[in-house]
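Presented sequentially are two complexes of chain A, the first with chain B as partner and the second with chain C.
Up next is the complex of A and B:
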């Protein structure tokens, strides 16, 4: 009885310690080799200067000093990554919330719309990069420029990917487009789980659509909203494929993200030490973002 | 006149103020929201339809025509060119090998870890669960440099394993959480009865837990396959030789020297490579959608 209290999860009355190890070690071995150990290794490497061939040289905090004080590209990439994240979040979470809410008012075709909406999520990033290069192109005229021309905004036509003012937004939008369906599904599932009698009672009390949403539905789905916000944020911060494939950070550094900068530092300049420093920063950034989301959204729930 | 006809149908039942108000406004709202939904669905789907249409255009038509226009003539020639330019069959096969390999690891090891955590139970199980959370939050890029160094030390660069290991490793946490939350619902009595019959932890795993997990296995496989099939970053970092290139890498071969691209042939290649996963998705979309929903709320 007492052992059961300290081990709440135990379901089998008699199991040996070896059996626990037999089941636990193989997964931990893979996970350790692929995830945990590399994280520690990155941390370790970030204190060294190493090009992969010559002797490793311990440089203490030099890499960090260089990153925070001397490296303009790092700061540029950091700000770009935040803008990229903001665009992704608006498209993914905003779009998802709007579509999910609208979908609940629909009487037919919900399943079909869910499927269609999710379609881009199964397409590979390479295919999406190809597709959007053509959508943004000006010669021959791509979908976006043609559309602008038709609706009388011809003055906005431009080569979206080589214009330094638009390129960051242009590489962010496909990522937002791609996953908005995924978040819509999750939010939709939460919305239809809101108890009907709660909603009906509110409507009888004269609540309008907005009040219904703000006072009943949203508070009810808040836990799911927190999860999706965390998912979208951590995915946005690790965004890499589409900017890397479409512009490789260019022109200049105008669409450079921390991830693409880290990748180039590691595998083009073969500066493994400094690249590890940047990846350590990316990890800390992700952890900080998750902490911040939990802090902000949980606190609002308590208030 | 209009105000008179509007409430007429509800005159049969005693009209409450709320009912009449609700009756007229939602119509406008409904129409608007339908239009909006249609627009958004078009934005999601049209680019993909356009991709397919473009793959059937002639090069001439593509270079000069209005991009929204329907192709002036349909041709399958681009598909022939696509198969000539690259080794699409090989790429698809490689993607299959990697996806299968990673999925086997994810499912098997995920079940084992969940069994140890949830069913067998041990003192540090909370800590282990916490460790798995790291893999969900931390971006995969952290592992690139270390794995590159480790692989070259043990000669694993440019192998199937070099892709399978990190793909499986980073997907394992979600799988562990999904199996854990399922195992919670297997009643304790089931295990107790089996224990009384003299079954040990291994037999119980094989005879009870494993067969019961099949539904969760489907979920885990479907959700992870999307990400693994489309993985670009690990393959791009660890694989160099043509024979091992997966679909995402194979597609890059279509960018010719000096960035010159035969777009219609490239789009044909894209269409060929997205077909397998698209078919699976369209056939199993109910299961997949359910999986994605539960994956997020439990992970």
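Up next is the complex of A and C:
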């Protein structure tokens, strides 16, 4: 240790290294208490059958067996969660990229448009949920159905939140819409940092708009893209509030996500053991998703 | 790091074990504890409207009591939204941190608490305070568990009716249904006249769950759901099949407004009070908005109600229907002492008169409800129904089933009524769900 000290470390005298550790310790402990401890507690509880007031009964892997084999709602909720994630990602990342790209070619009114797009991100979730319940409503007729009627697509009018075929997309859209502006800001900041001379050289070489984007701009913003993808994915996998508030997972299990199902299992069914099992699955699923994204994008960058 | 993990695991285990231990220190049947009254702050965890009559009156009574007993304070913590409330209650029960008084329905969860000796025996308590005989039998029965034991004290008494708009029924050329089985045909006629037959709050789920309780109550009496919840009766049985098919019929006849599953309490009420929907199933707690001059003048004179129709061969009578006494108040056995006892004596004695003065039905029979000055004749008509009630009452199923079955039933019911699943699929799913979950709760 003493001999191959790296440069930054050598810049700190011994005493101040200790003080850095002292300052790092409290947040680490806080993190341990607020994040790691509950995860471990869930892991522990997942081996028990416990309704909160009964005696805790050790059931081994029964909860896991039930989750993977015997629980039809679990798999339904898992697939719903993946669809929810896909819709959120398309709206958030795809939408953000398109808007940010268009913004860079705009010369006036950029600030106004940026603010308008960011606005949903600062509105409270509950307000957004109620807003969209109104928008999707059919009796009294809501904005979406009214618009469809006006443009002559009256046959598409429907109760979006009661139709088992549309409800999942209908609850995913507000979440996607809400954060598009935020990711747009991040990607926009990355896009305007692309050196102008690089772009001009490419244009002189005869690159079209698409080639310019695919060969120059996108590779340049890839690190930012990775970060935003990880952020959006983890947020998407943890999505809970808007579906819970808008439909409570219904009708049936059509908009049930793993998170809402876990919440209900814990706090409505008071099956804390099984709910912990589902939460352990969610933690693993999030870690796996981040690992997969890093792996895929890193391999691409290396290639 | 290894040591840290081991320490964490030990801490988890310790925490988990302390959480589930700990019984009560007081005997739940010792309703008149000896000792001195030491005023202190007590809490009531409740699920009632924040500025409703019950809370306002109890606040006032607590202030009166505090004047004679300095240092006493009643801390009212209300969560009107029922699902959130239940979650709060269950979490506090799990942590063994229930306050002196708390609200609960006669649910299987509450019965477990009672079995563990965590709640005072309310029958003994009311008898010791010499008020037991004042209560309406129906109000107490609503609070009882299946074995007849009583652990909750009612603060309300309500009757549930089907309110209807005379003009709309006339326009569609239909009469008030004589039998539950007439309702689907009635809906078809109303729809043909361009009228929404029934306005329902689908978001809160319990209103739709009321409907599935009706047919079995008429066909097989209140015992059906008591057996069903334990798996001793099935949806596949005749009474079960009758209600499942009837619910599917209601859906097919488009009885409920389009997209009802996403519509809330006030949406449904607005549809009825604005004259768009012909029928609305709700209790006397809505009398102030349905039977006073507050109601939209255009529909005010058109509104009337009928009680739950019977069916051919019905085993329950026309004057037996849903008559809940609302969520009840349980008394925590662990914290029960001379002070709590004395305060309850003071409050329960004075409560009925104050409550009846607000125009509501008291859970007791010793007071007369004051009809408000702006009431329509319908108000008195509704109150009069309470004078002639049968012995049986239809229990709302959401207070009867175990929570997992209840949640699944609410979900599947929407699918059944929307026509997304067949009655056969519904029957199979629900019987299966009950078989899986009931044994854990009713062992």
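Note that in this section the second predicted complex is superposed on the first by the 281 of 303 C-alpha atoms of A that agree within 3 Å, B and C clash if a C-alpha of one lies under 4 Å from a C-alpha of the other, contacts with A are read in each partner's own complex, and residues count from 1 in each chain.
The working rule: a contact is a pair of C-beta atoms (placed from the backbone, for glycine too) under 8 Å apart; a residue touches a chain by one contact, two chains touch by 3 or more.
Computed from a prediction, not measured in an experiment: that's the story for all the values here.
**Q** When the two structures are overlaid on chain A, which partner does A:248 contact: first (chain B), second (chain C), both, or neither?
**A** Only chain C; A:248 stays clear of chain B.
**Q** Is A:136 contacted by the first partner chain B, the second partner chain C, both or neither?
**A** second
**Q** Could you tell me if A:37 is touching chain B, chain C, both of them or neither one (first, second, both, neither)?
**A** Both partners, chain B and chain C.
**Q** Figure out whether A:23 sits in contact with chain B (first) or chain C (second), or with both, or with neither.
**A** first
**Q** Thinking of the overlay built on chain A, is A:54 touched by chain B (first), by chain C (second), by both, or by neither?
**A** After superposing on A, A:54 lies in contact with chain C but is clear of chain B.
**Q** Can A:261 be said to touch chain B (first), chain C (second), both, or neither?
**A** So A:261 meets neither chain B nor chain C here.
**Q** Regarding the shared-chain residue A:276, is it in contact with chain B (first), chain C (second), both, or neither?
**A** Only chain B is touched by A:276; chain C is not.
**Q** Please indicate which partner A:182 is in contact with in the superposed arrangement: first for chain B, second for chain C, both, or neither.
**A** In the superposed model, A:182 contacts chain B only, not chain C.
**Q** Just to be sure I read the superposition right, which of the two partners does A:161 touch: chain B = first, chain C = second, or both, or neither?
**A** Only chain C; A:161 stays clear of chain B.
**Q** See if chain A has more residues touched by chain B or by chain C, and give me that chain.
**A** B
**Q** Just to be sure I follow: which residues of chain A are touched by chain B in one complex and then by chain C in the other one?
**A** Overlap of chain B and chain C footprints on chain A: residues 36-37, 41, 45, 52, 267, 272.
**Q** Would you mind writing out the residues of chain C in touch with chain A in their complex?
**A** Going through chain C, the ones touching chain A are 5, 8-9, 11-13, 15-17, 20, 83, 86-87, 90-91, 93-94, 109, 112-113, 116, 196, 202-203, 205, 257-263, 271, 403-404, 407, 410-412, 414-415, 418, 420-421, 437, 440.
**Q** For the complex, give me every residue of chain A touching chain B.
**A** Chain A reaches chain B through residues 6-17, 19-20, 22-24, 26-28, 30-31, 33-39, 41-42, 45, 52, 95, 98-99, 102-103, 105-106, 111, 113-127, 130-131, 134-135, 140-143, 146-147, 177, 180-182, 185-186, 189-190, 203-204, 206, 209, 224, 227-228, 230-231, 234, 237-238, 240-241, 245, 259, 262-263, 266-267, 272, 275-276, 279-280, 282-283, 286-287, 290.
**Q** In their complex, what parts of chain B are in touch with chain A?
**A** Touching chain A: residues 18, 22, 26, 29-30, 33-34, 36-37, 40-41, 43-45, 47-48, 50-51, 54, 62-68, 105, 109-110, 112-113, 115-123, 125, 128, 131-132, 134-150, 165-166, 168-170, 172-173, 176, 186, 188, 191-192, 195, 200-202, 204-205, 226, 229-230, 232-233, 237, 247-249, 251-252, 254, 263, 266-267, 270, 273-274, 277-278, 281-282, 285-286, 289, 292-293, 296-297, 299 of chain B.
**Q** Under the touch definition given earlier, write down the residues of chain A that touch chain C in their complex.
**A** 32, 36-37, 40-41, 44-45, 48, 50-56, 133, 136-139, 158-162, 164, 246-253, 264-265, 267-272
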